[in-house]
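The structure under discussion is supplied below as structure tokens; questions concerning it will follow.
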Amino acid sequence: MKKLINEPGAVVDEMLDGMVAAHPELRRLDGTNVLVRGDAPVDGKVAVVSGGGSGHEPTHAGYLGEGMLDGAAAGEVFTSPTADQLNEMIQATDAGEGVLCVVKNYEGDVMNFDTAAEMAAMEGVEVEQVVVNDDVAVEDSLYTSGRRGVAGTIFVHKCAGAKAAAGGDLEAVTAVAEKVVDNVRTMGMALTSCVTPEKGEPTFDLGEDEIELGIGIHGEPGTERADIMSADEITEHLTENVLDDLELDEGEEVVTMVNGMGGTPLSELYIVNRKLQSILDDRGIETWDAWVGDYMTSLDMMGCSVSVLRVDDELKELLGAPAETPGLTVTE
Amino acid sequence: MADAETQREAVLDALDNVAERLAEEKEYLTDLDSAIGDADHGANMERGFGKAADKREEFAEMEPNEVVKNVGTTLISNVGGASGPLYGGSIMFASQELEGGITAETSVAFAEAYLDKVKDRGGAQVGAKTMVDALVPAVHTYKKSIEQDDLPPLEALAKAVDAAERGVAFTVPIKALKGRASFLDWRSVGHQDPGATSTLFILEELLETAEE
Amino acid sequence: MKKLINEPGAVVDEMLDGMVAAHPELRRLDGTNVLVRGDAPVDGKVAVVSGGGSGHEPTHAGYLGEGMLDGAAAGEVFTSPTADQLNEMIQATDAGEGVLCVVKNYEGDVMNFDTAAEMAAMEGVEVEQVVVNDDVAVEDSLYTSGRRGVAGTIFVHKCAGAKAAAGGDLEAVTAVAEKVVDNVRTMGMALTSCVTPEKGEPTFDLGEDEIELGIGIHGEPGTERADIMSADEITEHLTENVLDDLELDEGEEVVTMVNGMGGTPLSELYIVNRKLQSILDDRGIETWDAWVGDYMTSLDMMGCSVSVLRVDDELKELLGAPAETPGLTVTE
Amino acid sequence: MADAETQREAVLDALDNVAERLAEEKEYLTDLDSAIGDADHGANMERGFGKAADKREEFAEMEPNEVVKNVGTTLISNVGGASGPLYGGSIMFASQELEGGITAETSVAFAEAYLDKVKDRGGAQVGAKTMVDALVPAVHTYKKSIEQDDLPPLEALAKAVDAAERGVAFTVPIKALKGRASFLDWRSVGHQDPGATSTLFILEELLETAEE
């Protein structure tokens, strides 16, 4: 393993320090791995917070700022943050208008956020929770953990954050977040595994001619191993699964995201976007906006995910609203 | 029945042994978690129990049940992931059963409360390929050995360890329904569950400590 | 080699299509690998253009847009664009106010830009050229090719672009670009080589315990091979070389950039930034702004470069001026 | 002296042979460029001369010197990098010397003009570890063989190829002063220059074609 780190145990702590050094408009809560907007709690505004394991940068703290998140809790690499830290985040960002927690559907995240919400509620904070589960690779069923939350989460941050910035109350902000969850689907793939600082070697082994389809964002193997394919074939596979699940009708409008897993050159993501847009064109689906970049990564993994979000006028307005964060800036 | 101090010392010894064992097994647990999860279970367990064991001095004046409770909260604050709230929250919750001291009877109540909380918090039944698969046979066996077979706690615990071992083996051929491994669907078949395995290790160390 | 591509020969073409599909505000000149701002030529404004080999995304086309570049020419991977394409770019962006070409110091780039400038001049276009050579790893000498141009080039794009947007004439825009060149220094390192689509295997082999110091951005080996070091040690090495060359005095102000080579997780770049800022602190040098991210990459290479730019009031104003491009957005 | 058509055919045959050879040597050239450059010289040369060879039909009606000039512009438009303007620009420039047809005399003038342009454009002297190191001995030898030793062009060309070979070998032990390899400083010592090597291959193919 070769990494630009000092020691595996210090990665999260030092990364957070380096982040605050680069973005002095963020603030680290003393003795925690929680970053918040420097001006948190923001008077008169519902707070939108998120959190989860580290290793997905710019997720989560990269989306702190005007028009997106108020707080972001960083767990160890790929390990959800502990409930007490989540509780501190909730308390520190609540301005009395309540806090919406955006949680990706993993039992660890859900259980810790649940506990934190209970703790915060005991202190009189109004807390709502939205669980994102956009990953179509995983079968959804009552008897299982359901679908994972992956890159579509960024759209939830953006829309809920914009709604809160526009003065929406906790109910309205939560409703927007749920609307995004209902309308976004994602599927991902990996060309290579990733190397966590603690383990120091690839989480799974992939042959030179193999890829993983249906991966999450934690270096876990995917739902299926396949022979290497061309970028167009891969894009087709991901996109078709996403579109079939979303049941889009001709003429509907979408916002797309080609998300890099961390180790993929941007040029390759654009090659994927090229095919994605041509598939949408062929199906008579209109792209209102196309996002291409590293939004939610898995350390150094090579691969990508394709997300499609069905949008209406409300979501378009929220997606287009200004945001100013280290990881995403939208200007009017 | 041993006095509070002896009991506390026994709990602290057990804690040390568990922490040491989990540190030794860190890589093994992580490897299991690599196959069907996200390669952090070893680090999570080592970190959590390591932190708890480091608090020996803080624990020096506490009642045994308080020590146990504090181990639980320490895990909650330091583990994260799925195993943090499951191990930590359930230990914390079950520690109430030890308020009157640690006896054969209260240890059964502790075990049952612990199992209930894990099932409740995580929503997993037996057969979902989780720590529950190690816990259910262990707790059932322990309870029956003590309450119906009148075995001494040490023998009951030894039987529980055997039972947990079978539970761990049982996780291998089945498909995960809960936890990260469930995202792998059929690909999870053939792999041993990390959380069930760490549960077994902990039970083994409790037995080891009790035998000493 | 596993890449998200269709065929090695189509990488640049398809990437450019995918880029325009994602950023419809950009336009591809027919039959070329040149992208320009959709509204080019911009009336009454000096054009700032750049170009070079592909594989450095978001460089170059990622910086097209308001407040930065008007045109960007993409060569094959790591191969400078041909003179005729550069000429077309210059002609297409010139609004009659002249064109500044920002060129990184490689003979290929310089020779092709020279030829293009001659061709454009014959058509009556006023062309200026600024050659960026910020890489302190390479010794500067009259008898050699001199220093390479690397990540510091982005600061040149930003400042020259802002000056042009503010109405500066060709002379003023060129002067700003030269001021940045005079005040920026960079040094880079690699943990791994990169894999070009054409070659399909690493350009150089690095042992598990080795790193390359003093690399450029073309997957070429560095000036020195060293044993693996901690992130802090690496940062120290890079930063000290940069600072010594820049001869900064205590109390001076700088803008820093920790640039990822493409395959480095963002978390690691923040760990480098943490150390960089603490070194500057120790030396009594003040950071006015710290950039952390993938600005000029080498495909999937793991590694980073550290750049330091000495700033005065003029440069601060230009760096802080609004820019809206796919790769960099600055709001007022 | 052969007529224009024969000359054109000879040029086109040479072009085919060169293109074919460079395609064969693509990997080898790229490997050389990997060691001290950016691993694209093979692809650059193959692309450039391949495109030129593809234009056979366009060239069918042209004068020999125009064909040569067009090969130059095709390289300029398709190669990029350092080798594009060096090879392409110099061929284009030197083609003027062939306006009166291709003779022993004009071929010497072409060679000299070509060398001058490479040196002028790239600013490299002998010993900078570039294509110039293959070109200088080749051109000097060719010129002397024809002008002073009165050798027939074929023999002169054979001697020039020998000379270029020594030039290529000479690039190995020296440090690069120009081109990307110069950024490696002392680490460039011990490696063969890709551009000098491709120059040699081209000369070898010219000889091969002339011999046929």
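In this document, chain identifiers A, B, C and D correspond to the written order of the chains, with residue numbering beginning at 1 in each.
In this section, a residue touches a chain if its C-beta (ideal position, glycine included) is under 8 Å from a C-beta of that chain, and two chains touch if they have at least 3 such contacts.
The shown structure was predicted, so the numbers you read here are calculated from the model rather than taken from an experiment.
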item: Those chains which touch chain D and also touch chain C; value: none
item: Euclidean distance of C-alpha centroids - chain B vs chain D, Å; value: 75
item: Gap in Å, rounded to a whole number, between the CA centres of chain D and chain A; value: 54
item: Rounded Å distance between chain A and chain C, as computed from the means of their C-alpha atoms; value: 29
item: Residues of chain C touching at least two other chains; value: none
item: Chain-level touch network, classified as line, ring, star, complete or other; value: line
item: Sites on chain C touched by chain A in the complex; value: 2-7, 11-12, 14-19, 21-23, 54-55, 57-58, 62, 191-192, 208-209, 211, 228, 230-232, 234, 258, 262-275, 277, 290-292, 294, 297, 299-300, 302-304, 322, 324, 329-331
item: Residue numbers on chain D that touch chain C, as the complex places them; value: 30, 34-40, 42-44, 47, 76-86, 89, 121-123, 177-180, 182-185, 187
item: Complex contacts: residues of chain C adjacent to chain D; value: 53, 75-85, 106-108, 111-112, 114-115, 135, 137-139, 143-145, 148, 196, 198-199, 203-204, 216, 218-224
